[in-house]
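Each structure below is given as structure tokens.
In the two complexes that follow, chain A is the common piece, with chain B as its partner first and chain C second.
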Partner chain A sequence: MTLTAPARTERAPGAARDRHKRTQRALGKRNPWYVSAAFMAPVLAVQVTFLFVPLVNTFILSFTDAQTIGGGSFIGLENFQRLASDPLFWSATGRSVLYMAVVVPTITALSVSLALLINTGLRGSGVVRGILFSPLVMPMAIVAMMFEWFYRSDGMINQMLHAVHLVNEPVRFLSDPSIALFSIMVVTIWKSSGLYTLILLAALQNTSKELDEAAELDGAGWLRRTWQITLPQVRGTIVLVGILAAIAAIRVFTEPYIMTGGGPSRTTETIVLYLYRNGIAPGTDAGYASAISLFLFSVVVIISAARWLATRRMDGAR
Partner chain B sequence: MSQLKRTGMSVSVAGLAALSLVACGLGGEPGDAATAGGSNVDGEVTGAITFQTMQLSPTFDDFINGLIEDFEDEYPDATVEWVDVPSAGTAQKIAADAASGNLADVLDLDVATLAPLARDGRVLDMAEVAGEDEADFVDTAWGMFAFGDVEVAALPWYLNTPILMMNTAVLDEAGLTPEDAPQTYREMLAQAEVIADRTDAAAFQPTVRELLNMMISYGVPMTNEDGTEAVVDTPEALELVEQLRDLYEVGGIPADALTAQQRSEIETFQEGRTAYLNTGPSRLGIVAENAPETYEVVEVGEPLRSEDAGAWLVAHGLAVPTTSANQATALAFARFVANAENQLALAQQSSVFPSNSGALEDPFFAEPGDSVEERARAVAAESLRSGATYDRPHEAVDTEYEEELWSQLQLAIMGDQEPAEALARAEEALMAMLQGRSR
Partner chain C sequence: MNSTVTSERTAARPRRSREDPSALERGIRWTLMIIAVAVVIAPILWQLSSSLKSPGESVGEFPGSLVPENPTLGNYVKAFTSIPLPQYFANSAIISAMGVTTNLVLATLTGYALARINFRGRGLYLTALLATAALPFEVILVSTLMVTRDLRLYDTFLGVVLPQAVSIISILVMRQAFINIPAELEEAATVDGAGTFRIFWSIMLPSVRGSVAVVMVLGFLDSWDQFVWPLVVLSDTSKYPVTVGVEFLSGAFSADQRVMAAAAILVMIPPLLVFFFMQKQVFKGLAGGALKG
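Right, the complex of A and B next:
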């Protein structure tokens, strides 16, 4: 026994490797490399054309003084030096970070709460589900215009506030520099929460009912079961929702573009809007705009890497 | 396939990709024109060309196709392919086409979209290749396509210049009549206080473009003579911004105007929330369609003018890129489209105005008629005929300049910043913009 057991354990991996090699050879005979390449080609072509090429092109342009119509010459790191000392760029970055800092926790908390609520299967939750998901089908441009109407000095929100005597003068939701950015954040939260609720709801419906029932039998209340049994099972999805919301928030454009155009006096100008104004319209400085794009790309990569690390850590902890 | 072969292939593919990317990123150097032969307009009018317009289809399909047929009849060896692009996407298409060297042979563009091409010397200078046509065009229209070394970057095509729309119901409520209508921006601001005091409406809605017009009207030079330095921090500008701030405070300007989208001023007017709208006559059709009740009480009058410069003018021109392989045919087609007969035909089926002085003399523009549209047409045409229009104080004062100025002064107009401080900051920001361009 003591002599044969180690021999078996030594042979076992070798046998598995042999089997694996045989399988690979058999697959290789049936599917030469160009078959898999042919399957991948369409996706690769799309990725290369619409992702890789523009990305490398942007990288090259960021080292030039090119205009949107082309031309330009190599200017080394000048665009990045300008970026580092451009107060308007850093103000826009600060606003985008603030946007992310407010929107991401709010969306995550709201989406988790709504998903839990819908998942309880209370009467009327079907109706609530329909209402919640309706913003998903509306284009952001339409939503932004709709909210612009709500926010007007004679719009619905001001009329309601006035009717309940909360304000005497209309609140300048979009033109008061101290609240305009927050007014726009509400639109992002309203529009995005439905999608994230849907993602979380799908995760909640895959949680273990047995664990929940066992905890209930042990006398745990709904709140405790939710906090200690249900939510830990969807932690990965919550992190995913947070990361997706963060990436979307740092890239926010449509809402401020439509609702305020970045005003008043740039107080709602985010990084992407700043990039647009410099490199697309009315500005034509493609080189500088490309440098801003690269900065933004780096931020998104860092956020994605953070997600990847967080997921790995959670997987490791299990 | 060996590892070495695979690595070699990957490196080759990456190298080729990088080369092609460098080409696409930095393509379309201004020097391309010279290598393509620069201006070469003396050849035969033959061969195929492409004509690109800005959002004229489908409304003007018959007109443009008719123009092309007529041209091809006159020059049987030439063919014209027509491409129409939505206005919103034109700047992006022009940029992409210019970078890849695929610009159409004849381009219908507004001044702002044409500017990057013209500043970079990528279009034929019409003063050189069609200078003899100058006398045919309205002076201001011919002059507004000047960009740097290019004296006239496009043959002027269709124009627009404002009339003053008045909501007589609001004026009535304020105890005013159309005869009291302001003639200048200064008069408008003075009257705005009265209207705000006596009605729930505002007098007008300031916009990006109108702020610039007001500043010019008040005598703010905007730039130094050669356009290298911004000049907006002047006592006249301070007077204007303080007046606007005071008006905003008393409701003489709509509360949401400062952050409203461009072109929202027409909605405000349609809703009866402003008494005046200084705009192109084509907007009458929009008011008639969207707000028939307001349209019923609309009267039109002389546009707001700057004391010494007249009313604003916007223009579309026909440019021929230096990269065109068939410049002779392209130029012949541009001149054909811009001749008096064809400009008149376009104006008669639209609400734009011809840039050709001969076409403006047609009775269609000269006789006021009974309807408000006819009266508006006559007023605008008279501004063009009499030369009471202006473009920009300097080519440097473009859309980007206007928007930066607007952005810098918004808080001051709303009373959230001192006007003097805002103007100083505006001048600093505009100066940095102009210096950035000259780098």
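Right, the complex of A and C next:
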């Protein structure tokens, strides 16, 4: 009988949780061990081999002088000492930090504004929405190549700047050491703002309409309602977007690799690009590269901890 | 009383949002929207323009023009005949098919076990999963490459696929889908004498078709987008997927910029088609996944 119940499944999460508990109770320990083993064995095989072992290995390797082709013996903290006094590493770190410092606030502000703009429901915005979000499915490698052409001295931006007589000489977006990194940041922002807008849009749709309307009856204008009623309700999501954008920024590789290869004279070499240079080619130093990886890892852990602290403080304030 | 007031307000909403914002405010919103759209399509248009320019027309003139003088599809033909693009497309198709399959199978099995089966270590596994969700692949890039070499998977498609065989987001999406299935469904089947595997295959799986579609779309987009890992693990250029292959060719001295622009447009078409036909699944997977991660 109950089998004929409608198979529509995705429902309210609250009810689902209760149901989940009931299911767990109903199932109890009736399943013999080989049932769960059959379901979990494939994923465990893959994840142990390609996730957990490499992660543990990264820790171990960082204390050895192993090469990428194998071997290696324990050398203590030597890799970390070398890292601490490696000027190339520190300037790559500095560039990645600068990258975060520019990209994260820009993406956050941009995606909040875009989400608010789209959320107010313009007529015929379906097509607009499709266009605005299309970059997020385009392969990053192709986007980077596209911008490489767009930025060329004879590319579209220079054509436009020339047409309105802003410049006489083409701007060297990717070969001028003082602006190359910023030109690459634009690509990251262009490509990923859509994703964060999408996340914020989902949160905005859960905000209270009643509150907004009550404030409107009290005569609050759109700007004030947005600032004081709507945005505080999605504060947690805004923090999440900032964190996700920060983690994405520290990982930047494809854009500089394709557009500049780290040049001119290393001015666009980010941490991951530096890691790639030092740990991938055969014969490079895997132990040292693992030390760089661990540094990257600890940055991500710190960012995640910041998120945890931020959400905890917000929950406490409520 | 209260409910009528609310419903009146809700009823008044659409009217209000059309009338209340002044013409000025609507004008500002549309202007901003148009600027955003222009910023998004400008680089795409430029690339499209380069890809349609005929050999006689310079792509490197300053100042040049956005509209090609004699538009031609010749560059698209050349992309398929004068460079190994068909090979790269075939490689990407194989890699994506493998990636979509492993991602779907692993996410479904794991999601089911996490949602519906009580086993020792489940909590521990879920914690480990969530803890590694934010771990960038680049952190384990070097070690993963070494493991892949040790397993003799270096320079093979299997070596490209296996390290990223399943995404944590996909597992969480499937877990949530299975949690949402009412317990009665399962109880009734158990009473009827169906075993866990039968329940999974003929009752549970059919009721999560929507999420299966989401996970397949996510798997395809991830596979097609891959760049760093295939670049690192493949050394035979004839095994390159489209992203690495087109980048490799465009770096060549002899590369014809118009043909490369056409090739890049062609590479973007499959994910864009998926996006326009399955927008709902894409949005659901990307927004939902990110929120849970």
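Assume the second predicted complex is superposed on the first by the 266 of 318 C-alpha atoms of A that agree within 3 Å, B and C clash if a C-alpha of one lies under 4 Å from a C-alpha of the other, contacts with A are read in each partner's own complex, and residues count from 1 in each chain.
Assume contacts are C-beta pairs under 8 Å (C-beta built on N, C-alpha and C of every residue); 3 or more make two chains touch, one makes a residue touch a chain.
From a predicted model like this one, the values you see are computed outputs, not experimental measurements.
S.K.: Which partner does A:S175 contact after superposing on A: first (chain B), second (chain C), both, neither?
M.R.: Touch status of A:S175: first partner only.
S.K.: So, A:S153: does it touch chain B (first), chain C (second), both, or neither?
M.R.: both
S.K.: Which partner does A:S265 contact after superposing on A: first (chain B), second (chain C), both, neither?
M.R.: The first partner, chain B, only.
S.K.: Quick one: classify A:I184 as touching chain B (first), chain C (second), both or neither.
M.R.: neither
S.K.: Taking the superposition as given, does A:P139 touch the first partner, chain B, the second, chain C, both, or neither?
M.R.: Second partner only, chain C.
S.K.: Is A:I280 touching anything from chain B or chain C once the two structures are fitted on A? First, second, both or neither.
M.R.: both
S.K.: Of chain B and chain C, which one touches more of chain A's residues?
M.R.: C
S.K.: Once chain A of both complexes is superposed, is A:G71 in touch with chain B (first), chain C (second), both, or neither?
M.R.: The first partner, chain B, only.
S.K.: Counting only touches as set out at the top, which of chain B and chain C does A:N31 meet: first, second, both, neither?
M.R.: Touch status of A:N31: second partner only.
S.K.: With the two structures laid over each other on chain A, which partner does A:L61 touch: chain B (first), chain C (second), both, or neither?
M.R.: A:L61 sits against chain B and chain C alike.
S.K.: Please write out, lowest number first, the residues of chain A touched by both chain B and chain C across the two complexes.
M.R.: In the superposed arrangement, which is not itself an observed complex, chain A uses residues 33, 52-53, 57, 61, 68-70, 152-154, 170, 258, 280, 286 for both chain B and chain C.
S.K.: Help me check something: in the complex, which residues belonging to chain B touch chain A?
M.R.: Within the complex, chain B contacts chain A at residues 1, 17-18, 21-22, 24-30, 91-92, 94-95, 98-100, 112, 116-117, 120, 122, 255-256, 258-259, 261-262, 398-400, 403, 406-411, 414, 416-417, 422, 436, 439.
S.K.: Show me the residue ranges of chain A that touch chain B in the complex, using the header's touch definition.
M.R.: Where chain A meets chain B, its residues are 33, 48, 52-53, 56-57, 60-61, 64-73, 148, 152-154, 170, 172, 174-177, 180, 258-267, 277, 280-286.
S.K.: Would you pull the chain C residues touching chain A in the complex into a rising list?
M.R.: Within the complex, chain C touches chain A at residues 6, 9-10, 13, 17, 21, 25, 29-30, 32-33, 36-37, 39-47, 50, 59-64, 66, 102, 105-106, 109-110, 112-113, 115-119, 125, 128, 132, 134-136, 138-151, 162-166, 171, 177, 179-190, 192, 196-197, 203, 206-208, 210-211, 221, 224-225, 227-228, 232, 242-244, 246-247, 250, 257, 260-261, 264, 267-268, 271-272, 274-276, 279, 282-283, 286-288, 290-291.
S.K.: What part of chain A is in contact with chain C in the complex they form?
M.R.: By the definition above, chain A touches chain C via 1-3, 5, 7, 9-11, 16-17, 19-20, 22-24, 26-29, 31, 33, 35-36, 38-40, 42-43, 46-47, 49-55, 57-58, 61, 68-70, 113-114, 117, 120-122, 125, 128, 130-142, 145-147, 149-150, 152-156, 158-159, 162-163, 170, 190, 195, 198-199, 201-203, 209-210, 213, 222, 237, 240, 244, 247, 250-251, 253-254, 258, 272, 275-276, 279-280, 286, 289-290, 293-294, 296-297, 300, 304.
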